[in-house]
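Please read the structure below before turning to the comments.
We just call them A, B, C, D and E in the order they show up, numbering each chain from 1.
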Amino acid sequence: AADPPVIRIGWSVPAQTQHYVMMKKPGILKHYGKAYKADWVNFPGSVAIIQAIASKNLDAGGISIVPLARTIEQKAANLKIVADMMSERKGGFQTTWVTLESSGIKTIADLKGKTMGVAGYGSTTDLLARAILRKNGIDPDRDVKRVEVPFPVMESAMRKGDIVAGELAQPFYANAKARGGIRELFTAQEVLPVLPLLVEAFTAEFMAAHPQAVKAFLEDYVTALDFARDPKNRDEVVGIVAEVSKLPRDVLATFLLTPQDYFMSPDAMPDVEAIQKTLDFLKEGGVLKTQLDAKSMVDVSLHPRAKR
Amino acid sequence: MAASAAKIVVRGLAKEFADRTTGRAVPAIGGLDLDVLAREFVCLLGPSGCGKSTLLYVLGGFVSATAGTVLIDGKPVGPPGPDRGIIFQEYALFPWLTVLDNVMYGIRGAASPAERRARAEALIAKVHLNGFEGHYPRHLSGGMKQRVAIARTLAHDPDILLADEPFGALDTQTRTLMQEELLRIWEADRKTILFVTHSVEEAVILADRVVVMTARPGRIKADIAVPLPRPRDYDALVRDPVAIELRAELWRLVKEEVVRARGAG
Amino acid sequence: MSAAAARPAWRALLRLRRGYSVLLVLAAWETASRAGAVNTFLLPPASEVLVNLWNLATEGRLLFHLAESLLRVAAGLGLAVAAGIPLGLWKARSRLADAVLDPVMAFWFPVPKVGLIPLALLFFGFAHGSKIALVFADALLPLVVATYHGALHTDRRLIWSARAMGDSERRILWRVVLPAALPQIFTGLRLAVTVSLLVVFLAEMVASSSGLGHVMIYALRTLETKDVFSALVTISLIAFLADWLVIQARRRVLVWHA
Amino acid sequence: MNGAEEAAGKRRAARIGGATIVIAVLALWEGVSAGGFVDEQVLPRVTVVAAAWWELLLSGELPAQVASSLGRQAAGFSIAVVVGVVLGIAMARYRAIDDFAGPLITMILPIPKAALIPLVMLWFGIGDVAKTIVVFLGTILPVVVSAYHAAGSVDQVFLWSARSMGDNEAQLLRRVVLRAALPEIMSGIRMGLIISLIVLVGAEMLAGRGGIGWLVFYTLDTGAYRVTYAAMLTIAAIGFAYDRLFLAISRRLLHWVEQE
Amino acid sequence: MAASAAKIVVRGLAKEFADRTTGRAVPAIGGLDLDVLAREFVCLLGPSGCGKSTLLYVLGGFVSATAGTVLIDGKPVGPPGPDRGIIFQEYALFPWLTVLDNVMYGIRGAASPAERRARAEALIAKVHLNGFEGHYPRHLSGGMKQRVAIARTLAHDPDILLADEPFGALDTQTRTLMQEELLRIWEADRKTILFVTHSVEEAVILADRVVVMTARPGRIKADIAVPLPRPRDYDALVRDPVAIELRAELWRLVKEEVVRARGAG
């Protein structure tokens, strides 16, 4: 038989547990090496993965929603969302804006005139924070000073007093919480109850050329997801994530695969409705220039758990 | 003498240097005519700063003249080439090469490496530097460097030799030995030599003709044949009336220019 | 006189002669992305980028960020010059300083300073301080190394002359070794200018709320490729200008040099 | 006391001084972190970093990452030296090449490599070639600028001497210009060597298939700072070793240069 | 003469250079004794490469001796200082300073800038370089550079002057003028001068005593007082029987060494 097609797939950290399991435990996968092979390439983030896809160096990747939407809007690459990866919603962790208990900040309105930390200007969470601030009567550009602080430094900057509030993703939230003295200020819940954080995307060209490979890949993807979600494997999965992220195991153990972790949908199906809401939100915020249709962006024809 | 027969013909040569600091032009040579016949040994005398080195640079093809023509073998002077060898006033030894390698630098042609080496070693012996073949220039005394420079230029055996005070850093006795060596080479290899010197004595011993330059901007002040038979003996010339007369005359000519330059200052 | 009249135009052409390769690259860039040879998402046409740049500039936002970056470069580079030249001179002239500083520098310089950004943020603040510190840390390398190598090979007779005229070693450092090393110091300065620009943009990309690097990373996150390239073109122009200034200064200061 | 003894004494004092500085810095680091002056999460203690380093070493990850990086670094650096020296000398000697390449060099090299990554991906992919090119682009600057200025200030009489001894252009470049410019070129190469290690981080950001620079950037992102510092110290140690090697070679090549 | 009275006392001085290429030691000076009295004008003659410059370097405090003692004013020679001025064989002008700034470099003390400038300008005039104050060294001819170096050293007015062939690059006439200038300064300012020269004539005109060195490794071969009254007139000395005899004697002494050096090679 001919060699199975190679899927060149981009991944990044954090929050791609399905990928990490697939990379580190190919033994549990049914089709790996038979129906397809995977070339796992790490990138610093979704933008880099998209650039690699646009320059034809990748066929697929775990991508966050804003860059994906912008890519499709600009027709830079014909990407299809084929599976859900992680989302922020009730029942799972949501990026949280926190303050110190001692800071005296009780409500969002108290932030007026204060300095707060932004992990990345222009990122999805930044757009959400802006919307929430505005909703609470605070002009994000004028009423507060917002400085860019990398996630890992956020807690320290807050404790040191450089900023009074800041956003924390996992594992930084778990870490800060464990050290105590932190109070939650708000989450994105208010503006977007469900935020599809990361999705698995393939180029339409690759799907057309190798449908069997993609199908097999998605089956394995679901297998990895099931493996990760199985409580008896938790220790092993924590170990895998620790190895991949190089973060201390004990830190990860405090939240990983608990309700404090990002939400992984058990059926791995993309939530079209939530995606559409997110696209609408982005259009409203001016990030997207055109109205995109979530349905046309999603292609679950090869998804093993799609209702046909 | 017919201009066409001369090896080197200089007509109306002028050279000005742009002085970047003041923006004015500094005239170094101002309308100089000179002929040098093939195989002639011409010495050039002149006050310090009168343009002697500059003249050699123009003949060597290193700097271009501001005005005038320079013909070598009837053709306008070209870029620097192995037909004209030059011994620079400031030696210009390659500091990254040993004495031997400096001298071997210019030897080329069909010679095998062993032959080239032998030739270089012979020349090093002629300038009395045997034993110093492996030394780098910075480990040599002033006079030794100068002798390496002489050997290096002689090694590549140019047709025309332009020498800028080549013996200036040598004691009188070593200088005499070098003069004898140079005359031997000149006679054997039939070179044309233009030789800048500060020493009237040296000019009289070496030259067929002595050319005296004026103070800056340099022109030819006098062009005097040396009517002394060769080989010339140093001790004999001390007492030779023609030589004494010639020396006095040259002395007087240069002195005039030095005084003039001083007045002009 | 016709020659005199023709002169300005001729001069202008002469000046163009040094820029034509840049024009060629711009033309190639434009043609490639117009002809569809490259994905315009990755490389938008030059003309669109320039128009976009003009819009950003007239809007004023870009100029603010440019000023922020330049301030950081100027401060970091200034500190690096003030520290690097004396360090290089001292290292070249004192065997003790050399022996102590050499291993320290050999260890410190190759450290990728991006890794120190979190620390710099906490130590020097989220505004200018951290960026200035990083610019300083990396711009120091070319200045120290160039000054050191330039000073090391100072003609010993020049030093001897100064000593014989009663100069103290300190004075010799400033009056002899420094000028002797100046040609190489200028090489180091040229490099330091480029390095500073590189570092400031990198630091601003990793964590900053202003500056050209910030503009670029913001545009990158929202995939506004034209803004990304507008920032890049601005960086190029600034670098070109800064380099030109250094070369002019070099020409003026080194009149005595070949 | 004779000169040799005095020199040896000074060397010893210097070595002690150097060691003191290193120990003082490490102690300060440990103190600042352990004493809570800086959050341990941002600046892990030396002992923690050392432990992480040791772990990475034993697991074989560190040697593997270093090995994969050094290949790219060596390739990028070597090409940069050759191209940089040739281009720098050519620019110094030929007006036309200077006019063409000069503006491009000053406009392209200051662009952050991270920003060029999409284009590098587009033209060179995401493999070792692309990363080597990024290293090359980062490293060539000091080499080309030094070679340019050095070749431009070669003493005229050397050129004249060589010409009048019949050197053609190629011989002149090889036998005189290169040799005379070597001391200054070597200082550019020294900077290039150091910078080639620094830009590994940028190059390996391109797309991770490992490498010591990738390790730095990757863990900087995940917040695993103890690994970041361990990787940075490894790079510093490699840099230190390279610099010693450079000095040994440079001393051999430049023994003819006058030093007091 | 009592050693204690001498300004400079050299005893058993030896200097070896390490030859890094061969690993052997090159002896430059081999056991040299010399006394120079205060205000004495001593000329040093010797074959090229015999260690004359090296001796001056040791006296200047630039290089340390391998063996022997050197006392200046009764104290072991210290690091270079403004008491000993030196004119280097190869000029050593600061290329980044103009002629004026080079000459002003060494002038210090309480003088105001205007006074220092005036003093420098006077010295520039004395070496006949008026008009070149603003030039940089690389725009000067060899002889002009040498004259700037002379002016620079005289400007800072040292007690002891160590001169290494300071007139080597000058034409005989300019050289004569410089010699007169130097003698005037020596008499007026009562300096002690150790003067290396290659010219027997120059030594006889200038010196109280002429010291002849042997070939390398340099030692003192002869130490001869010049019994000629001052002021000495160049033209008169040409015919003066004492001077003629002295010149011949010096000539013979150096020649002997040159021949010996050649034989040793």
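Please note the rule applied: a contact is a pair of C-beta atoms (placed from the backbone, for glycine too) under 8 Å apart; a residue touches a chain by one contact, two chains touch by 3 or more.
None of these values were measured; they are calculated from a predicted model.
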Graph distance between subunit C and subunit E, where chains that touch are linked: 1
Chains touching both subunit A and subunit C: D
Chain pair with the most C-beta contacts: C-D
Distance from the mean Cα position of subunit E to that of subunit A, given in whole angstrom: 83
Euclidean distance of C-alpha centroids - subunit B vs subunit E, Å: 26
Distance from the mean Cα position of subunit C to that of subunit B, given in whole angstrom: 48
Cα-centroid distance, subunit A relative to subunit D, in whole angstrom: 37
Per-residue overlap in subunit A, given as positions that touch at least 2 other chains: 51, 54-55, 150, 152-153, 156, 160
For subunit C, residues contacting two or more additional chains: 39, 42, 117-118, 122, 155-156, 220, 255, 257-258
Touching two or more other chains - residue numbers and ranges from subunit E: 90, 136
Of subunit A, residues touching subunit D in the complex: 10, 13-14, 41-45, 48, 51-52, 54-55, 57-58, 150-153, 155-156, 159-160, 171-172, 175, 245-248
Residues on subunit B engaged by subunit D in the complex (per definition of touch): 57, 60-62, 79-82, 84-86, 88, 90, 92, 94-97, 105-106, 108, 136, 138, 152-153, 156, 158
In the complex with subunit D, residue positions of subunit C that touch it: 17-22, 25, 38-39, 42-43, 95-96, 98-100, 102-104, 106-119, 122-123, 138, 141-142, 145-146, 148-150, 152-156, 159, 183-184, 186-187, 190-191, 194-195, 197-198, 201-202, 205, 213, 216, 220, 228, 231-232, 235-240, 243-244, 257-258
Residues of subunit C that touch subunit E when the two form their complex: 155-158, 160-166, 175-176, 179-180, 182, 254-258
In the complex with subunit B, residue positions of subunit D that touch it: 155-158, 160-166, 175-176, 179-180, 182, 256-258
